[in-house]
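Got a structure for you, questions after.
Order of writing sets the chain letters: A, B, C, D, E and F. Residues in each chain are counted from 1.
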Amino acid sequence: MKRALFIGRFQPFHIGHLESVKHILSTYDEVVVVVAAAQYSYTMENPFTAGERVEMVKRGLGPLYERSYIIPIDNVPSNYEWPRHVLNYTPRAEAVFSNNRFVRMLFQEYGYRTYETPLVEGVSGSIVRRRMAEGGDWRSLVPPPVASLIDEINGVERVKSLYAMRVSMRGERFEG
Amino acid sequence: MKRALFIGRFQPFHIGHLESVKHILSTYDEVVVVVAAAQYSYTMENPFTAGERVEMVKRGLGPLYERSYIIPIDNVPSNYEWPRHVLNYTPRAEAVFSNNRFVRMLFQEYGYRTYETPLVEGVSGSIVRRRMAEGGDWRSLVPPPVASLIDEINGVERVKSLYAMRVSMRGERFEG
Amino acid sequence: MKRALFIGRFQPFHIGHLESVKHILSTYDEVVVVVAAAQYSYTMENPFTAGERVEMVKRGLGPLYERSYIIPIDNVPSNYEWPRHVLNYTPRAEAVFSNNRFVRMLFQEYGYRTYETPLVEGVSGSIVRRRMAEGGDWRSLVPPPVASLIDEINGVERVKSLYAMRVSMRGERFEG
Amino acid sequence: MKRALFIGRFQPFHIGHLESVKHILSTYDEVVVVVAAAQYSYTMENPFTAGERVEMVKRGLGPLYERSYIIPIDNVPSNYEWPRHVLNYTPRAEAVFSNNRFVRMLFQEYGYRTYETPLVEGVSGSIVRRRMAEGGDWRSLVPPPVASLIDEINGVERVKSLYAMRVSMRGERFEG
Amino acid sequence: MKRALFIGRFQPFHIGHLESVKHILSTYDEVVVVVAAAQYSYTMENPFTAGERVEMVKRGLGPLYERSYIIPIDNVPSNYEWPRHVLNYTPRAEAVFSNNRFVRMLFQEYGYRTYETPLVEGVSGSIVRRRMAEGGDWRSLVPPPVASLIDEINGVERVKSLYAMRVSMRGERFEG
Amino acid sequence: MKRALFIGRFQPFHIGHLESVKHILSTYDEVVVVVAAAQYSYTMENPFTAGERVEMVKRGLGPLYERSYIIPIDNVPSNYEWPRHVLNYTPRAEAVFSNNRFVRMLFQEYGYRTYETPLVEGVSGSIVRRRMAEGGDWRSLVPPPVASLIDEINGVERVKSLYAMRVSMRGERFEG
C-alpha cells in the first residue's frame, strides 16, 4: 500500500485540487488529503469551517473518495514541530505533495520526499474567493458538487460579507 | 428576567459605551458587559489590562452597575467556536448587542438575535487612544470616574509609550 | 479605596461564602470575587459553568453586589504563574482571602498578604454537592436566590447525573 | 442527505463499533465517525495515535467507507464548549450516537438528539486492550483488516509495554 | 562533537544524576541536560520551579558545566509529538539517556538510540523529596551546592507544606 | 552572587550580543541569557530554532559560558504575564538588560531594575539576516564559532529560501 499526503487549505476545494488528487492517485494507492489551518474560519482567507471543507472534498472527489482520507489538522505555532503534528493525525505515508514551497521545505527538513502537483492555469483558492466576493464566475472553477454545497450553506454571501468587513486571519474582532 | 450581552473591548470605556448600556437597560432588566480580547494589554490597540478595564466599566456605570455584570473573556483562535466560549462565562441572555458587525455575524450564525447600539458621533476607542497619544482632549470622551482611574494608573503615559514604540497586537517583542 | 480578592470555585455559592464576603466588606471597601477554575463544568467537582456561578454569586450577594466584582478566571498549568494570571483580570487589590491553604501559599510567594475567612460549620461546596446528589437538604446551605437559580437550570438533576456517571475533573469522556 | 455523528475513541476499532456503524447507516445516508481524544497516544487507555485509529476505521469499514467520514478531534478542557468544538470539524449532522452517557448528556445540553448504539456483548475497547496486554484472544473482537494493521505496527507489543509500565493518560513521564 | 541528551525532572538534582552526567561525559563531548515537566512547580512531585532546577543543575555540575547545556522543556499533551518538541529546544544530539523507560520508548519510536544510565542504589527524586517531607537525611543524597541552594530558597519548608496539603500534580487548587 | 537577565531573540547571536554579555559580566557574577520567542523558527525574522540559537550562544560565549545560563523561553499572549513567565524558567536575578524598550517597560511594571546594553554600531539581528539573504558580508558580524555553526546547518541557504518565499512570523503556510 503506497500512500501520499496532499496538503492544502481547500478554501474552497477547486478543480486544481481535484486534478492534484487524480495525479497522486495515478502513482499511489491512496491519498491523505490534509485540510490544514483547520481551526480557522469566517475570515477572508479562511471563510469555511474545517467541517465544511471536509464535506467539500468528499463531494468533490466523488468515486475517488474510496482511495482517500480527508483529515482536518490545526496549525501549530512551531514550524519545526508542525510536520510531526501532521503525522500524528494521518495514516502512514511515503511522500508529501503540496504546491506550497514552505510546506515542502518543512517536510524536507523532517526527512520526507516532497513533490509539487501540476498547476491548473488560472485557478487558486484566492482567485475563487475573490470571484465570489466580486460577483464573478467562480462556479466553473470548482467541481459541481462543491458549488452545490457552497450554495446550501450560503457561502457566497458569507465571503462577500467577510470581504466587505475585511476580516483577516488575525482580524480585530472587537474594535469599539 | 430579560438579559442581553453587550460586547466590546473597552479600551477604554467611553461615553458611547455608557450610552449603549443605558439604551440596553431601557429594554432589558440586566446587561452583561463582555470585556473581550481580555488577555491582551500593553499594545497600541489594547493598552489596558482586563482588570483595569473591568474597574473602568464599574466606575463608569455608577448606579447602573447593580443591573450589570462585567466579565472579561479571552479571544480564542476559532471564530466559529467563539460565541460558545463567550456563553460559557456569561449568565443566560436573550440577545447580543455590539457595534462590531463581525461579532454580530458570528452570534447570528450561532442562532442569536443581535442588535447594533446607537453610535455617539465622534467617539470610539481608537479616537480616545489616539488623543491620549497625541496630547489631545480625551477626557471629554470618557465618564469622569474613568478619567480618574486612567490618571491613577498613569494610563496616558502608557499609551504614549506604546504609540512611540508602535507596539501592535502582534508586535515583535524581542528584536535585537 | 481598599479592596481585597476573595478566591473560590463557588460550586455552588453557599452561605459560608456569603459570610466571607460580609466579613471582608466589614474591613474593605470592595471585594473582588474570583470564580476560579472557570473553564471547568459538568463534572462532579465542577458541575456549574462559570456563567452560572457568576449569576449565583450576584444573586446571592443581593445588595452587597454594589461593592463587589465577580470575575471568572481559568486555571493555568503553572502554579508559580497563577497569581500573576489572576491579577491580570482583576482590579487592584491589597490582600487575598481564601480558605484554601494552597491558594494562600501561592499568593504569599508572590508577595501578597493573605487571610483565611471564618469557616461556617458544616458548610462546604463538596457537602452541598453531595447532598444534591444524594437527595439531602442542600437548600438550607445556600442563599435562597441561589437555590432558585439552581432550580431554574435543573442543577440538582445535573449533579445527580454526574455523580451517577462518576465524571471527575479529568474524567474519561469517550470510553467505547 | 441525512447524517449522524458517531463518537468514540476507537482504541482500537472493534466489531461492536462496526455493528454501530451498520446500525446508523440503516437509517442515515452518511455517518461521521469522530475519533475523539485524538491528541492522546502511547498510554494504556490510548495506545494508538489518531492517524493509526483513522486507518483502522477505514480498513474496518470496508465498503461502508464510501458513506462515512472519519475525523480525529482533540479533547478540550471545557465540557460545555466541547460539542461546538466537535461541530467545527464535522459536516452537518442531525443526530449524535454514542455509547458514552456523558457524551450524550453534553450534546443534549447543546440541543441535539442523541442515541445509544446497540451493545455487542463482551466487546469494548478496554476488553480488547486488556486481552492484548495479557496475551488473550483479541483478534476475534476486531474486524480482520484491523487485526492486520495492528500487526503491521506491532500494536500488541506496544500495548504490553504500556501496561507493564502502567502509563496512564496523565502518567508521569519523567520520574527520576 | 558527539553530544547526548539526558532527560529528567531533577526534583531535585541528586548524586545519582551527577553520576549519570559523569557517565555520559566519559563517552560524549557534551551533554544536554533536559529539565522536563518544566511548567510544573509547587506540587508534591514537582516542588521546584524550572528556574530553581536549572540553577541546581549548574551548581551541582561544578566544572562539568562547561561541557553541558541545561534546558527546561515543558510537557506537551501528545506523547507522539513530545520527542520533536524536545529536539526543537535542544542542540543536535546523537543519543538519549534516561532512566525512564517510557522516555526511551518514545525516542526509540522517533528513531533515536537510547540508553539507561547506571542507577545509584537508594537514590531517586521521590526518595529525596520524601525525606525532606519527613525530616530525614536528604543532604547526603544531593551534591553539597544543591543542598545550599535548597536552603537559600527554604526548599524543605516548601516540600513539607506541599506534603501536608497533599498538593498533587493535578491537585484541586480551589475547593471551597 | 549577583545575577542579571539578558533578553533577546539571538537570530543569530552576533558580536553586539557578545559585547553585551561582557558588559554585564563586568558588573555581575553571572548572566542569564534568555532566548526569547523560542517556539518560532523557519521564518524571515526567526530563521533558527531555539536549540540552534542556544548552541550559537554557548559557542559564541566561549570561556564566558561558565558564568552564564542560556535558557529558551516561549512567547505568551499576555504582555502583562510575560515577565512572570520568564522568571518561572530562570534562576533568581536582580536586574534585566535588553536593548528592546518594550521588554524593559514590561519588567519595570513588574518591579525590576532594567538597563540598556551598549549598542555596537551597525550590528543587529535584522542586519545580519538581511546580509545573509542578499549575499553580503555577515561573517564579520558574528563570533567565528557562530559562523561555523551556521555553516554546519546550512543556515545561509535557509535564510535565503525564507526571504525568497517571504515567510513572515505569521506567514500563511497553506495557500492553495
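Methods note: a contact is a pair of C-beta atoms (placed from the backbone, for glycine too) under 8 Å apart; a residue touches a chain by one contact, two chains touch by 3 or more.
Chain-to-protein mapping (UniProt): A, B, C, D, E, F = Nicotinamide-nucleotide adenylyltransferase.
This structure is a prediction, so every number in the text was calculated from the model and none was measured.
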Practice item. Find the geometric centre of each of chain B and chain E from their Cα atoms only, then give the gap between the two centres in Å, rounded to an integer. Key: 44
Exercise for review: Between chain A and chain B, tell me the centre distance in angstrom, where each centre is the average of that chain's C-alpha atoms.
Suggested key: 35
Study note, to complete from the structure: Within chain C, the set of residues that touch 2 or more other chains is 39, 41, 49, 78, 80, 88, 170
Exercise for review: Examine which chains touch each other and state the graph shape they make (line, ring, star, complete, other).
Suggested key: other
Exercise for review: So, with touch as defined above, which chain pairs make the list?
Suggested key: A-B, A-D, A-E, A-F, B-C, B-D, B-F, C-D, C-E, C-F, D-E, E-F
Revision key, fill the gap. Per the touch rule, the chain C residues reaching chain F in their complex are 78, 80-81, 84-85, 88
**Study point:** Partner chain E, residues of chain C touching it in the complex
**Key:** 7-10, 17, 36-37, 45, 75, 77-80, 82, 98-103, 105-106, 109, 124-126, 169-170
Exercise for review: Would you pull the chain A residues touching chain B in the complex into a rising list?
Suggested key: 39-43, 49, 161, 165, 167, 170-176
Practice item. Would you tell me which residues of chain E are touching chain F in their complex? Key: 38-39, 41, 49-52, 54-55, 58, 65-66, 69-72, 74, 87-92
